[in-house]
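Multiple structures follow.
In the two assemblies presented below, chain A is common to both, partnered first by chain B and then by chain C.
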Partner chain A sequence: MPRVCEICQGAKAILRRPKTGQSICKECFFRVFETEVHNTIVDNKLFRRGDRVGIGASGGKDSTVLAYVMKTLNERYDYGLDLFLLSVDEGISGYRDDSLETVKRNKEQYELPLLIVSYEQLYGWSMDAIVETVGRKNNCTFCGVFRRQALDRGALMLDLDHIVTGHNADDVAETILMNIFRGDIPRLGRCTEIATSGDGYITRSKPFKYAYEKEIVMYAYFRKLDYFSTECTYSPNAYRGYAREFLKDLEAVRPSAILDIIHSGEAMQVASEVKLPSQTSCERCGYISSNRVCKACVLLEGLERGVPQLGIGKSVKKTQDLLAGRTATRSGRAVDVVHFDKLRKHAQEMRHERCTGCTCDTSAPGT
Partner chain B sequence: MSITVDVEFSGGLELIMKDKVRQATVSLPATADGKPTTVRQVILYVRDNLVADKPQLFSTENTVRPGVLVMINDSDWEVEGENDYQVQDKDKVLFISTMHGG
Partner chain C sequence: MCDSVDQSEHPAPRQARSQRVPGMCIKCKTAKPNVSIRLSLYCKPCFVKAEIFKFRTALNKSRQKANQHGTKLMAAVSGGPTSMAMLKLILDFHNVGRQGKTASTAFASVTVGHVDESALFPGCEDGVQRILQAEDVEVVTARLEDVFDSEEGLELVEKTVTPGAVRDKFVAQIVRQNPGVSPRERLKQLFSGLSTATNREDMLDSIKTFLIKKLAQSCGCRTLLLGDSGTRMATKVVTYTSRGRGYSLPFEVLAESQWGDIAVLRPMREWIAKEVAFFNRWTAQPSAVVPTFTTGAPAKASIDRLTESFIVALDRDFPSTVATICRTVTKLQPQDDAADAVHCLVCGMPAEAGAQTWRNRLTVSDVSSTESEGPVAAGAKPEPEPETKLAAGGIDITQRLCYSCQNLLHDAKPGTVLPEFSTHRYQTSDAADLRKQIEEFLI
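Moving on to the complex of A and B:
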């Protein structure tokens, strides 16, 4: 005796929602999933009409579903957004090259323009080359630091107003746990926010902040979306792995655990006497940084000097102070990293070219 | 009496199977100890016969590991009774790992 959908009472139920415990049919699932994402977008006023929005696309399940849903909602509710796919090629053969093939197919399937920025092109160092130099132990540090900047660089190249990423509820809950375990108070505060706009930098948001991973995977499955799933060849990221397993065990006992953790994270407030690091611009590349030289530039310096440990572990802060006021070493692979001021200026020129007959002042500082 | 069940793997699970198979047909007795065969027996069969590497990524505590989704004939197994679902001849059971990055 098949179970009947608890929403429409008509069709056969094909999925139990972890959020509500309801058993529902395929059509009702599509509708509630899409509507909830729409509500997240509207309630949090994530976009403005005319915004140029880049979808951070890796070819994996989350970003593939995000691209599909963003395109669908933009048309259905007439958000008036210009959508783009923005991908980062870390240069990991056997992993990213394959997943980028998926993104290229998505570009055709969803008819969205695609920009791929690579570590090789931006920094002169691919992850394969970095791993060859630093080994497999700390390479995730490089990858994480470079990726964040790479997305911002890509966003400026496209003159985007906004980047959306596929981070889902499980990811957010996992990150909250990790930040609590590590006592990382500044990150704990930031990771629960649905949208962050880092001091005039491009706004980033997570429209799937409240969407369960299970539903995203099910959505991809029932919509027959084309995505790529392989673990990164270099990824040991053991710490996140434990947090994730722990979370999945909790979810098995009590499905609401994921949203409960997000709720707890949101409710936590940093006491006013806790001093958070103030932000400035990196004197080398212009990227936002809490030191005079940003982490990416320190890592690059280490690679160029043949001492890749330079930017890793407890010594980073000291190294950052040490490098302040000195010119970057460029001995090997590294290219001259384009300064963010230049990228911003270019973005502004593009913006000016797009608006016809306007009177905007091109001498004003970039947005 | 035996039944055949179609098992499929995706979301990265195929990578830990022997010969990285995405799909296999398994034959199981229709009953065990006088009780109808359940999907739990399918899971244990897969764990013991098809998984080549890192069985803990597929199964823990005599069922699938949390984070592995199970679809029985294109339905979430949570709607179908999870481990106790009685498998029928020609059923399709799909295992999807959600543990990979997005």
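Moving on to the complex of A and C:
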């Protein structure tokens, strides 16, 4: 006998919901999945009407589903948001070039404007070129540090108020566990925040913070969304791999474990005597930094000088102090890294232009 | 003490003492090593001395913080390796203190508190009793089934409302227990009604915590030693996090915590399981095998079992893992509202408000109620769950349960009767509520 959907009690159940174990039909699955994301957005007051919101789009499952759901919810609940797709091209052939093709198709499918910023264009170095210089060992450090900044640069080019990323519940739970294993107290305190505004110029948030990875895949599958699925060709993070595997096992033992870990993480309060670094801005590029020279500029300096180890490992702080007050080394490859003040000024001009005659607040974000 | 021995036997200059001699014991540098602990090599005598020193340092540090001097002490002993090692160490420490060398450090007395788990694990108790009788110390024992001694019980009548409804409801009623059923039977029924090994472990933790605290109180002990090794504590931190106990974690797994007027210390916290095993072997300290629900089961049998095998494996690859996790948890502090929070009927730990609302917003199972919701500007938090009035003696206990124990009871069969401490906690908190309402009129 076919089972009946436990939610609508009408249609035939065709899937078992990973989060709750309920047998439900396709339409009810779409509805509960979308509603939970909507609840996350509403309960955390993520957006204001009129916000310009960039969706960090990689072409992978998380961001593709995010773009689709954001568009759907924006229309259904009349959020009044201007949505954009924002992609970073790290320059990894056989991986990012293919996935960016997917993003370009998504642009047409969802009728959303798209901006692609590339490492090559911003820093003069693609990831392929970086790996050629540093090898396979610490390349993820470069990619991570550069991506963070690249997204903020892209956001200023589009004059966005907000960036949403496709980080899901599994990612958050994994990060909580990893920070406990490594004893990273400041990060343990921060990693459960759904939106961050302190460490960048533009608010960033994770509307999928409570969405299970399995359900995102399921959603993409049943909605027949066009996404790209391959692992990055360069080595994955080994330590995160441990946490990931453990989390998958936990989920198998008790499906609510992922949500339970996030619940635990949110309730954990870091003792106030734990010191958190104070923030200033980088004297070279103007990006927010806990030192006079930001990590990205140190890494770049290392690449230009041909000593890529410069920004890696425990000596970074010393290097950062050493580089303070000096001008950047330039090799033949170097491009002018645009100063954040310039980007901000440009964003402000764009806002003025858009708002001629209207009375809204025209100060650019981050000022 | 280890250092002083070193100095008399090997009067080496200071720098030389801190340097390692390749292939030799890290302490005496003259003997061939017998064991490797966290990448350091030790010979047998130096290892034993170092462990004793470590125990005493940890104990004294904790006592100083908890300001517990000259009190009566209870050591919680299950009979397993870590608690037996702890018992040996604390008795040695106490006896040395009594002999007057360091009189100020002695306790008024040392008593062993033991929970007899034979109702759930038949046959495990004989070995433990034999070992404990061989020690020269007073032993007081509570049995697991003692939590079902009372005539009244809190019975779950209906736990989940029909599928598709907005909320899980936890409804209970106070029932008179059938006198024909023994407490032992009732205990067994409780555990068979909890569908998974994870839930059983969770419940057993709560019951044992309650019993050992009660034992300490009835003996007038104001200091309680728990034999949690570092490995065990790290496992607990991760297990409790995975069960959703983040809110009460700072109360449950610290080096020192306060259970009412009892100071709880964990002086074995800096030992990993391997150190315990070698210490017991080299000091000829016997211990028993204390079974659990997942003894001999594969790793995925329960959260606790899975976490344990994960932590042990991770600590093998990254030898500082256990120590790091234990240190992480000391940096956590309770939320500001935890002091006034309701205490969970099942585990007795502070339960945060609105736990169920949080879950319901994120595991929606009613699509009809979402249709009419307004735009984002409405953005207000949903109203707190109202305490539903129920007919015929039914009590909605949802708000009296912590997030994690809601998980636990979510899978429990209707008809499950909770231990008497749940009834007691329910009744006392009810009285406290009533008192709060009329408080301003009391003279």
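Throughout what follows, the second predicted complex is superposed on the first by the 354 of 367 C-alpha atoms of A that agree within 3 Å, B and C clash if a C-alpha of one lies under 4 Å from a C-alpha of the other, contacts with A are read in each partner's own complex, and residues count from 1 in each chain.
In this section, a contact is a pair of C-beta atoms (placed from the backbone, for glycine too) under 8 Å apart; a residue touches a chain by one contact, two chains touch by 3 or more.
Remember, it's a predicted structure, so these values are computed and weren't measured experimentally.
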Notebook entry, point to check: Given the superposition on chain A, are chain B and chain C in a clash or a fit?
Noted result: fit
Check: Is A:252 in contact with chain B, with chain C, with both, or with neither (first, second, both, neither)?
Finding: both
Next item on the list: Figure out whether A:231 sits in contact with chain B (first) or chain C (second), or with both, or with neither.
Entry: first
Item checked: Three-chain overlay, vertex chain A: chain B-chain C angle, C-alpha, nearest 10 degrees -> 70
Notebook entry, point to check: Is A:176 contacted by the first partner chain B, the second partner chain C, both or neither?
Noted result: second
Next item on the list: For A:265, decide between first (touching chain B), second (touching chain C), both and neither.
Entry: second
Next item on the list: See if chain A has more residues touched by chain B or by chain C, and give me that chain.
Entry: C
Notebook entry, point to check: Which holds for A:45: it touches chain B only (first), chain C only (second), both, or neither?
Noted result: second
Note to self: Going by the contact rule set out at the top, does A:8 touch chain B (first), chain C (second), both, or neither?
What the structure shows: second
Note to self: Under the stated touch criterion, which partner chain does A:329 make contact with: chain B (first), chain C (second), both, or neither?
What the structure shows: neither
Margin query: A:217 in the overlay: touching chain B, chain C, both, or neither? Say first, second, both or neither.
Written below: first
Next item on the list: Considering only C-alpha atoms, give the closest distance between chain B and chain C in the superposition, rounded to the nearest Å.
Entry: 11
Checklist line | chain A residues contacted in one complex by chain B, in the other by chain C | finding: 249, 252
Item checked: Residues of chain C that touch chain A when the two form their complex -> 163-164, 196, 198, 237-238, 240-247, 249-250, 299-303, 306-307, 310, 314, 321, 324-325, 327-329, 331-335, 352, 355, 358-359, 361-367, 370, 373-379, 381-382, 403-404, 407
Next item on the list: Over in the complex, which chain A residues touch chain B? Could you list them?
Entry: 3, 12-16, 23, 58, 60-63, 166-168, 171, 213-214, 216-218, 221, 229-232, 235, 244-245, 248-249, 251-252
Item checked: Residue numbers on chain B that touch chain A, as the complex places them -> 10-12, 15, 65-67, 69, 71, 74-76, 78-79, 96-102
Next item on the list: Name, in rising order, each residue of chain A that touches chain C in their complex.
Entry: 6-9, 19-20, 22, 28, 31-32, 35-36, 38-43, 45, 47, 49, 77-80, 176-177, 179-183, 185, 188, 210, 242, 246, 249-250, 252-254, 256-257, 259-261, 263-272, 274
